[in-house]
Each structure stands twice: as structure tokens, then as C-alpha cells.
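Each structure below is given as C-alpha cells.
Paired with subunit B in one complex and with subunit C in the other, subunit A is shared by the two complexes that follow.
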Partner chain A sequence: MLKQVAFPPEVLARIAPDISLQRHLSIGLRPNLRNFTEFKPLEIADGTAFKNSNPNVVGSSVIKSGSTTVMNVITLGIVDNSVQVDAQGPYSSVYPVIEILRGRSGEPTDEDMILAQSIHETILHSKIIPSGSLEIKNVGIQVTEDEKSRIIYPDLHPEEYSLVRNPSAVTHAGSKSYSFVLLSNIKIFSKSVSTSSLFDLCHLSTINALSSISLPRVYIGESDAHTASASIARSRRSNKRSLISTQSDSNLTIDTSTELQSPLKLELTDAMDVDSKGQFDHSGISSNFGLVTIPGDDENQAKTVLLADLEGEAEETSIFSRISVIANKSDRLKRISLINGDGGISLEALKKSIEIAKLRAREFEA
Partner chain B sequence: MSERRRLLGPANTFIPNIGITSTTEEAVKTRKRDEIRKFFLKTGLIENANGSAYLEADGTIVQVLVFGPRPIRGSFIERASFSVECKFLPHIAQPNEGIFNTGSNNNNGNYRTGLTNIEQKISSYIETSLLPSIILEKYPKSTIDVFITVISSDSIEDHGGKTTNSGLLNLVNWVLNCSSVALADSGIELKDIVSSGVVRLDKEGIVLDPQETGGEGIDGLVSFMNLRNDEIVGFWMEGDEDLEEKDVERIIDGCNTMSKKIRANINSYLLEQAS
Partner chain C sequence: MSHQVETGVLSRSDGSAQLTIGSTKVITSVNGPTEPKARQELPNLASLEIVIRPAQGLPTTREKLLEDKLRSLLQTIIIRYKYPRQLIQIVVQFLSSEGKSNVFTNNELSAAINCAFYALIDANIALNYSFAAVSVSLNEGKYLKDPAWKQLSESDSHHVICFSIQDGKAEKLLLLESQGDFSEEEVFDTIAKSVAECEKVHQDQRKFIGEKIDRDFIWKA
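Let's turn to the complex of A and B:
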């Protein structure tokens, strides 16, 4: 006969997270001590420090939820519209590279890749970045007079520009059409929440970073001025550039002066809602839920409960039915994702989670 | 071959150059020649690592994670293996990158494969300096891995391709001190907490914790185990002037003075945490 072994709660949580979760839920608690439909508090920090100290950063955001910190930095790439390989629709998206710091090096994990792909697609289908707003207009030309460099823009200095712009001085870059590409780099420190909650955090941080973007002006630098100048510029050049045959592309340079920057025109406000002003009004707020069944005993029947904002090992590993909803405050749903783990998702649970998601989106304004 | 694991934009995306900044330079805060800048230190912010430390010193922000001792797979080893990986956030300009990082990395501005030369150099310096302090024999069949993220760096001031050695050494100094504290936070058994100092030797003598970059002089970074008879565990010099034996002594002494001051701060922080 084997002796019965009793484990203290924290040991049980590690060796049998599903049982630990059941025990918690049966007394009306979650392992993280939140209520069933309570969300983890969030802090949105002033993430503009990155932007101010790095000329190549156009938007940034830092979000904290418990100890989990999401740092999102957006830098710019440029693409030549005339040789654009991918067909460009009326709306654009960000291109996120997500890394969850978990003490390993090498290639990204499945979780990193799935998160990045879903953020990219969600932003694209939320239709908040019109492709036109990323077009680079009025490309300037750098000219050197009396050993002093200045930049002439066609819209700001039309007369001088028409003088400078002779066919030999200006390569065909001036007449080509370019667009910015938003490259977002997301680092996640101290992951303690579930993948579904990480998606919510990444979505929030992307919207937050996007709404802080101001796009710089771009000019064609003088090629020899560049070889002699910034060491930063030299190393920022990508290898890929050698694949681009037109030499002029290599001289496209970002004007670092902040006065000439213009904010990225996002469709953040809801066209149907005249009162909408907040940065999340159109994009919506992402919320996630899990469905778990508490088995019945002699007195109680088995019932299924809805848990909001999944966190921790127990909830991550033993809740398979997930609902993710992006809703905005004018009651429009931007995305809904259902994963049927076990037992199915009832219409009632779906309705309830949409209700809570809408409520949360409205609450977020305050 | 195209990258399939990361979303890097349309196939022909390229990274524009960054123009020369038109904003006026910030006035350099002047400190006394033997004064060390203030720094902010906090341990244990990261929950999924065994130890962590966060350090801010002016514009330099460093986060260090320690994972270990973690079991390894495969054959038995008698002592733990130790590795250090230092990475900058991809948008940060790395000190001296014009010299060392010459287009060798696949860099699209948003990710890199592997470490850049500067990251390699820093990683290997931190690794060799910390290695003597760890009692590896206590952890057979394990690894101890240190992951350093440079979140912000103000070490390059001029964008004009001038060498800025003290910028690099200054950064390494803070990275090293932060890593030692993270190791201590992880509870891994140590012989001593490694700390370091950085000085510049110019015509007027030694400057502790030099701030202004460029200019003439020799920069030195020396790391110590101050409680173990000031044993030197790391030594890095940069500069193009001739160096005499007594100059080296002065640099080591200067670094030791600074190292002891930093160590005193670390000690009082750790004591406060423990109580």
C-alpha cells in the first residue's frame, strides 16, 4: 500500500497545474487571485524616450502589466513603389519582429512568430493605416553652398528647387515614388501571462506606438557628402541595398529635424462616431477569455466558467478553449477568434465575452 | 534566401540613411575629475529569470537576466558552463560601430542574425571578467547563462565617424557592474562581486568616469574582485598614445578607486535588499 503524499499548494501548482487550477476555481478563486472576469491592471508608460534619443526611431511605446513589460520601437524602412513586389492595398500594416526574452538565443520560437503574424494581420484588417499616409512626398535635395549643407524641398522652397532640379544633378530618384515601411520591434520582458494576453498587450502597444509616430522628411543626400559623414549612416545601410540597382536609392536620407516632421495620419477615429477622439476608438481594445469546466461533486453540478485575461502556467496549460475579441467603444468588433479546445464554446459564453470586451473598451477611455 | 521566420516588410525594403542632426548639442554636464555619475540600480524586476538587474546611468540603460543553474542535456560535466550574450536593441547606434561593425551582419534595422562585432567584444569581456568569481564546481551538469540587453546608450555623442573609446568603455563598465549584481541576485554562489571602473588618462592626469568622448588620451577599463585583495579580472585599454609602465599603474589605481566606490554602492543596495 502506497502512503498518501500531500503537496503544499505551490508544489502542486508546478507538478499538476490542472488539478491546482480546479481546486482554486472550486472555491471561487483563480491562481492569480483575480476574480473570474477581472483583467490584469495595465500601465502605459511614456515611451517617447526612445524617440527623443534616437533619430531613427519614429514611434515607441512601453507597456507594463504586472512584471511583464512590452517595449515596442518603430523604425522606418523605405520601399520603391514602382518595383513593389507585394501588391499594395488601400491599407498598410506594421511589420513586427517579436522577441519574448526567455533565456535562449537563436531563431524565434513559434510563439514569437505566431504573435508577429497575428499583429501584422490584425493591424492590416483593422484598416487604420491608409497606404497613402505612408507615401513619401516632396523628396528634398541636399545642396552644398560655401561648404554649408542645406536641404531644398520642392514644397517649401519651390523657386530654389526649380533651379537646382536640372536633369544631371538630380537622378531619377526625384521622380520615383517611395513609401515608408513601418518596422516594429517588440521585446517582451518577464513573460508571466498567457499567449492570448500577450497578443492583447502587443496589440495595445502597437496602437499606442503607431499613434505616437511622426514621419520625417526625406531628402537625396549628396553621395560624397555621405561617404565622409556619419558613421551611423554607413552602418545603418543594409546589405540588401546592394541588390537594388538604382544608385540613387542609397542616398535617400532621413531629415532629423523634428520641426519638419509630420504626424502619421491614421484612421484612428471612428467615422461613424463624431465624439471619438481617443487613440483606441477605432482600433479597439483586445481582450481574451478562456473557458474551463469545473467538475461537479455530490452537491454541485459541473459548470463552465469564463475567465478573463489568462495568466500564469496553470491557466496557460490547462485552458484550451479561448476567445479573443477586439471591440471598440462604439460597439463594433474588429476581430474575433475562437479556439475550441474541449467541450465547445457556448453561444452564451461568446455573448458574455463580447459584452465584457465592449465594456472594457468603453472603460478604457476613462 | 529570404527570411521566413520574421516579418521584415516587402522584399525590396531598404533602410534609409540618417541625416546629420540639426538639433543643437546638449550641454555636457560637468563633473569634477574624481566624481562618478549617479546611477540607479534595481534587482528582481524580471520574474521568469533566476536573477535580474536593471541599471540606469545618465542615458545608459541596461537590463541583465541570469538564467541558471539550468540542467544540461547530454554527457556529464563537472563544473557549470558559463555564457554571456550582450545585445543592443536593434535601433540603437552602437559605440564605434563605424569601425567595427562594417556591414558584416544581416541588418535590416529591425533584427540581426547573431551578434555584431561590438556585441561579441562586450560579451567576451563580461564573460572573462565574471568567470573567476563564480564557483562553477558547485554546479555540475548545469549551465549559467547571462543575457544582457542594452536598452539605451548615450555613449556616442558625435556622428562624425570619430572614435569614441570612452563611450564604449563606459558602457561596458556599467554593463559589467549590472551583470555582477544580477548574478548576486540569482543566488548563484560567488567568490566575490566583480565591479569595475573606467578612467581616462589625459595630459592633466586621471579622470574618473570620463564623460566627454573623443579627444586625446588613453582610456582604461579595469575590473576587480575588491574583497579578494583587489584581484584584477578584466583589463581593457583603448587609445593611440604611447604608454609607460607608470601610466598603466595610474590607470589601474584610478579604476580601482572608482570600482571601490561603485562596489560600496552595490553593497549598500544589496544589504538594503537583504534586510
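Let's turn to the complex of A and C:
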């Protein structure tokens, strides 16, 4: 006779997460003790510490949800507009590298790649970063005058610029146009939430970091190696000769002085509402839901319940029907991703999750 | 937009199909049930291996995301408990996709789903139900099916919708991928309009599979 084996709840949760989840739900509880449609609380920290301590960082954000911490740092790259492979549309996106830290090193996992690509596509299709706002205008020229170098910008020092401008420098600075690209580096510490919730956190942190971006100025640097062949221009003030590099490979350099930075213009606020100030008003807030069927017994009928903000191993591994919605304050939707795993999602369930997502977006205070 | 299908195009795989929708051309092979690698093996279910290859260049994260969407759809459609400890391998190779731009994946996702259906049928894999997908864009409220790249780039929102089909009728919404800027009414309206479109795709599927069975088997008079 085989003896019946009983497992304590925490062991059952490891070996049969689906059964453990159903036992929890049948008594009206989730394994994480939240209500069915309750979201996990979020804390948005002041993430400007990275930005202020490192000149390479133009935007940053730190978000905590329970023990899960998402750190997002945005740095810049510069591309030549004429060689960009992608046909450039009216809107740009960020290029995220997401790393979920699991205490091992190596190539990125599929989960990392899928998350990063979803963030990239979502930011692009949400139409919040106009390509024009990333264009580099007014490229300065660094000149050496009396052994001191300074940078002359066409819009700030128009008179001097017209003097130092020489034909070969113009061909370099004027004929080509450059744009910034936003490189976002997201690190996720102690992941306890599901992948769908991680998307929500990454989306939030990307919007948060984007809204803190200020773009620096760019100038054509002087490369020491080429000063011998530098051409000579007259500066009005000193009547002395100053040197400007004419090499076509002279470097574009980012000006680190913070006074000259200008904030990145984003279409984050609501165009319809002039008073709209919130960074999430237009871009929206991402919410995720899972649907799971509780099998019926003698007394109760089988029913399908909607769970918000999936968390934990049981919900991650045994819920296949998922909905992810990005809604904004003015009831517009930016993204819906629905996958009907066990056929539990009806149109009513979709309607209800959109409704909750809208409500959450309206009540969200950064 | 014209759908052109051909099955059994690859002689060495268990099932294959080639599908052309507009300017998107895709070939899909299905191998399985076959022996899995030890780490892929599931004790009570078939494991799925999905590989997507682009028309140009090497697979990137863009293909990884498409693989993930296709996997989450197919893992519920294939009756996986029929093939425990087995592997079903699906390779989707795009032959041409309209793209001077990598920005949109809608037409590719919908073509991959529809092509996978024919290839799975050709490989005789057990399915819970038939399924059909459409790619749709909304341009100033106008519903466009199988939008071209230009229409997609001018669209306000774009959607991929996949329905399960039972008895020739669209039954359950299996997959919805919507992006852009849209309202709740618009998305429900799009879903409602796509029911008929998915049923239309399914009529083509039925017709093709009917002809295929006539061709592949010898029937007594």
C-alpha cells in the first residue's frame, strides 16, 4: 500500500506551482497575498544621482517594486544621418540593453533580448521622441588662441564663427548632419516579478529616464596630430592667428559643460491639455494581467479570474493567458499585447483589463 | 491581397509550406515529433523549438521577439500532451519581406502564423483548432488589411489579430498585438471587423487543404 504523501505549502509551491496557485486562488488569495486586481506598489527614486556624477550619462532612473530594482542609465551615441541604414521615420526610439542579474555572466538570455526589443518597439510606436529633437544643430568649432582653446558655436558667437569658419571646416561641419542615438542600459536586480511585470517596470523607467534627459552640445575637436596641416584663420579680437583642424577625420566631441545643455524635447505631455505636466500623461502607464481558471468542485463552478501585475514563480509558470495594456491619462491606448493561452480570455476580460489599465493611468502620480 | 500557398516544398522535413502574402514571402518547415536535447525535454509535454530567420542578414533581437510571440501562440494550439518527451522544431525563413525598414513586424508575424498553420497540417501535427491571422492598420480610422510598408508608416495604429476557427467560424481571440495610438472603441471595432477577415483566410485554408488531400492520397472510386 502506497502511503499518501503530504507536502508543506512551500514545498508544494516549488514542485507543483500550478496546483499551489489553484489552492491559493480557490480560497481567494494570491501567493503574494495581494488582491486579485491589486498592483504591486512602486517607488520611483530620484535617479539623477548617476546623471550628476557622470558626464557621459544624460538621463537616468531608478525604480523599485518590492525587492526588484530597475536601474536605467541613458548615454548618447552620434550617428551620421546619411549612413543610417534604417529609413528614418518621424519618430525615434531608444536602443536598450537589458540585463536581468542572476549572479552569472555570459551572453544575454532570450528574456533579456525579448524585453529589450519590446521596449524599443513600444517607445518607437508610441511616437514620443520626434527624430528632429535628436538632430545635432549648431556644431561648434574648437579653436586654439594664445595656447588656450575655446569652442565657438554658430548660434552663441555668430560673429566669431563667421570669422573662424573656413571652407574646409564648413564642408565637414556643414555638409553632413548628425543625430544623437539614445543608448539605454537597464539593469534589473533581484527579479521577483514576472516577465510581463518587468516589461511594465522597464517601460516606466525608460519614460522616466527619457524625461530627465538634457542633450549636450557637440563641437569639432582639435586633433593634436593634425595641427601641422591646420589652416589658419584670423580672429578679430586678437589679430593673432588661431589654428583650426581641417582634417576630415577630426573628431566630434561632446561638450561636457552642463550650462550649455538643453532638455530633450519629447511629446510626453498631452497635446490636447495645455496644463498637462505629467511625464506619463501621453506615453501612458503599462499594466499587465493574467487570466487563470479555477476548476470547480461539487459546490462551486469553474470560474476564470483576472489577476493584475503577475508576480512570483507560481504565477509566472502557470498562467499562459496574458494581457499587457499601455493606457494614458486621456484614455488613449498605446499598446495591447494579448496571448490567449488556455482560451480563458473573453472580450469581456479584455474590456475589464483595459478599464483597470485606464484607471491606473489616470490615478498614477509620479 | 493575394495569398499563394504551396506545401511539401522541402523534401527532407516532416512538413513544410511556402506562403506569399503581398510582398512578404515565407517558407516554414516543421520537424517532429523527434528526439529532443536533454535540456529541452519535458516529462509530460512536447517541447517546441522555434527559429525565425530574416530575409536579409542574421537573426537579431527583432527575430527573437517574433519567435517569442509565435511560440506563445503555438504552444497552446499544438496538442502538446500527445507527444510527451518529444521535440517539435519549427523553422520560419523569410524569403522576402517588404523592408527598407525593420520598424514594422506586423506583416511578417501574420505571415509566419498563417504559414506555420499549413506546415503543421502538412507535418500531421495534432492541433486543438485551426487558426488564422490578419495584419491590419488603421489610417485615420480607415481599416486596411495587409497594409503595405508605406501605409504602415503612415498609420495611427497597427494590429495583428489571430482567431481560432471552429466549424468555419472564428471562435476565440488567440493573439492580439496592437501598437500606435488608438482608443478602446477602435480596437474592439478592429477585432470585430477582423472576424470576417480571419474567416475569409480560413476559407482559403479549407479549400487548399481539401485540394491537398485529394492530391496526396489515392481515393477509391
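The rule we apply is simple: the second predicted complex is superposed on the first by the 328 of 366 C-alpha atoms of A that agree within 3 Å, B and C clash if a C-alpha of one lies under 4 Å from a C-alpha of the other, contacts with A are read in each partner's own complex, and residues count from 1 in each chain.
Please note the rule applied: contacts are C-beta pairs under 8 Å (C-beta built on N, C-alpha and C of every residue); 3 or more make two chains touch, one makes a residue touch a chain.
Since we're looking at a predicted model, the values are computed, not measured.
Between subunit B and subunit C, B contacts the larger number of subunit A residues. Once chain A of one complex is fitted onto chain A of the other, the partner contacts of A:54 are limited to subunit B, with no touch recorded for subunit C. By the touch criterion stated above, A:219 is placed in contact with subunit B alone, subunit C being left untouched. Once chain A of one complex is fitted onto chain A of the other, the partner contacts of A:117 extend to both subunit B and subunit C. Look at A:130: by the touch rule set out above, it reaches neither subunit B nor subunit C. Contact with subunit B, but none with subunit C, is seen for A:149 once the two complexes are overlaid on the shared chain. When the two complexes are superposed on chain A, the residues of subunit A that touch both subunit B and subunit C are 86, 113, 116-117, 120.
Those residues of subunit A lying in contact with subunit B across their complex are 49-50, 53-57, 67, 69, 71, 73, 75-80, 83-86, 95-97, 101-103, 105, 107-108, 113, 116-117, 120, 149, 151, 181, 183-185, 187, 189-192, 218-219, 221, 226, 229-241, 243-244, 249-258. Contacts from subunit C toward subunit A in the complex involve residues 61-62, 64-65, 68-69, 72-73, 75-76, 100-103, 105, 153, 158, 164, 172-184, 187-188, 191.
Contacts from subunit A toward subunit C in the complex involve residues 86-87, 89, 110, 113-114, 116-118, 120-122, 124-127, 320, 331-343, 345, 347, 350-351, 354, 358.
Subunit B contributes residues 5-23, 45-49, 52, 59, 63, 65, 67, 70, 85, 89-94, 97-99, 101-103, 106-111, 145, 147, 149, 151-152, 154, 156, 159-161 to its touches with subunit A in the complex.
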